[in-house]
């Protein structure tokens, strides 16, 4: 492995981080918009958001990415910058999973809170923004953490479309040197470290969010707890499975 | 947008080939993940931390790193170690291994979901270890486990397109090859996208139904 | 909207009183009414909780609803708060329809906005307090005045501080609800409801969820409010002593109907209805 190859790989990390951040931002917007729409009083909003979730959870992220890259330019004449197409594909897909987390979080807030909001004459939107969401969001953070790690893993797909992220640079390095074992173990290690850092950040956010609403911060585990990224969360991808729910 | 039905007709034979490979990878990959996941789950319950910690680290490592890179690893590194397999077999091993780290969690939750009183009752009756597991714990755990495993089968199905990275001719790769030869992209990719929805959406409805039947 | 609304006293409604004989509560002298139920029926599935109910409450009166569980008392409060909608009949608050609007001479179901305007005249204290766990005590009280009534933050906080002093919790302003006892939480909930300066205060079994030793404090506070303000109160309770102390009128409910009503002295001492006698002998 030459210095240039390592440098290329580090540039790849930057691309991966950027993709993760942009898609997570888009995904979060989609998740909150679609997730709250699923609890709306208007059937048309509920139907449209339900349809969105069914479609984007039903299809495969990679297939959608290929579709955006190859079909949309031909069919509609829009040519995306590759980074944007990738961000769009990841954000829209993972946003649909996120919408289910948002919906679940909202549903988990006690109905009495809604009633108290009605009794104080808040508008439906005020109830959502001032009463329901502030209580629901801290509960959403652990599943969002899991989803974020799925998203980070999902960014590797863009290498198949020629975007020079870590996985793509790893391929180039392998072709140049033939040292498959070293390169891939190193790359996997980098993803693992990124996932670990993401988890730390989300834990911090969760602790602050819970302290901000008067709940005791969650206990942090010991050494093994730090090692085991998902110490407390049970199923990670269960929410990632189906198209319905 | 110009949709051409004759292109659809042309693509269909390749599509069905792709469907066969996709379903094959899904079925075999799922079975592998069910078996390996149980191994991890049981190893993670052994008293010795010299077993639990390495297994725990391995499982976390696999689960928190991309399947695609793992597939590349297997595809390029296994032959260096003298293991020669087809691309499809490598893909099945990779995807089965990756998902076994999720099914291990499912088993763990299922086992922990059995009330502690059941263990105590089995002990009070002096049931041997094998009977305790085989006749008391697992039959109760399985009711919680089946729908969750089913959901992972659907998730696994949706990850099979990654196998194109190592050259497996599943649905998406068939569309890609077809496009490369004919320069017709709209129909094949759209058909494959719809096919995934048509398979996974009803499947997820069925899993939800199972969940309601078995868990509650 | 035809009537004015001037502070907690409320103003006489514009609708002339046409109370049903035998069921209406005695008027406040000028025949005004703040709350009026006309032939209200509410069913949950096949269970009729309120059956063709008529009743009125005059401004400033304290009315207590008593009766066995499931007799529909709480449903009346929830109807007034629009937490449930009536199947038949109409409800008027201060002369205006709560869940209906008059459009072109016809009554049509009201929009959310209309209902909200009317509802601002009503405050409610819940059995389970329902404080917002994500807000400290001060914010629990100021949140609605600021964002619903549009009060300035300083004014809302001023109001909140007065109310917190009234309920005796000045030292708790900066705490979260989870850090308070049940009795303290309920007192905050009372302050929160009063901060909206409602004309009507609905009290839904406000002491049922409290530990026995905390009940007296909350009831004393409510007595105090009842005797020192002219706010109208509609109260569902199992505390008969409290009902006797604060009520101008007591309505006895059974099977979705008012079977007897009158001043507390009469209801508690010489009830006429057999069911009332049975109920009172069971709870007293």
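Letters A, B and C name the chains as they come in the text, with residue numbers starting at 1 for each one.
Following the convention adopted for this analysis, a residue touches a chain if its C-beta (ideal position, glycine included) is under 8 Å from a C-beta of that chain, and two chains touch if they have at least 3 such contacts.
Given the structure is predicted, the values throughout are model-derived calculations rather than measurements.
Taking the CA centroid of chain A as reference, the farthest chain centroid is that of C.
Ranked by how close its C-alpha mean sits to the mean of all protein C-alpha atoms, the top chain is A.
This structure's chain pair with the greatest number of C-beta contacts is A-B.
Each chain gets a centre from the mean of its Cα atoms; for chain A and chain C, those two points are 46 Å apart.
Inter-chain centre distance (chain A to chain B, centres taken as mean C-alpha positions): 20 Å.
One inter-chain figure worth recording: chain B and chain C are separated by 57 Å, centre to centre, where each centre is the mean of the chain's CA atoms. Only residues 81-83, 112, 116, 119-120, 122-124, 126, 128, 130-136, 143-144, 147-148, 176-179, 192-193, 196 of chain C touch chain A when the two sit together in their complex. Across the complex, chain C is touched by residues 110, 112-113, 115-116, 118-124, 126, 130-131, 134-135, 212-215 of chain A. Within the complex formed with chain A, the residues of chain B that make contact are 1-2, 53, 56-57, 60-61, 63-70, 72-73, 76-77, 80, 102, 105-106, 108-109, 148, 150-155, 158-162, 164-165, 171-172, 175-176, 179, 185-186, 189-190, 192-193, 196-197, 200-201, 203-205, 207-208.
Note for the complex: chain A touches chain B at residues 54-55, 57-64, 66-67, 70-71, 74-76, 149, 152-157, 159-160, 167, 170-171, 174, 180-181, 184-185, 187-188, 191-192, 195-196, 224, 227-230, 234-238, 240-245.
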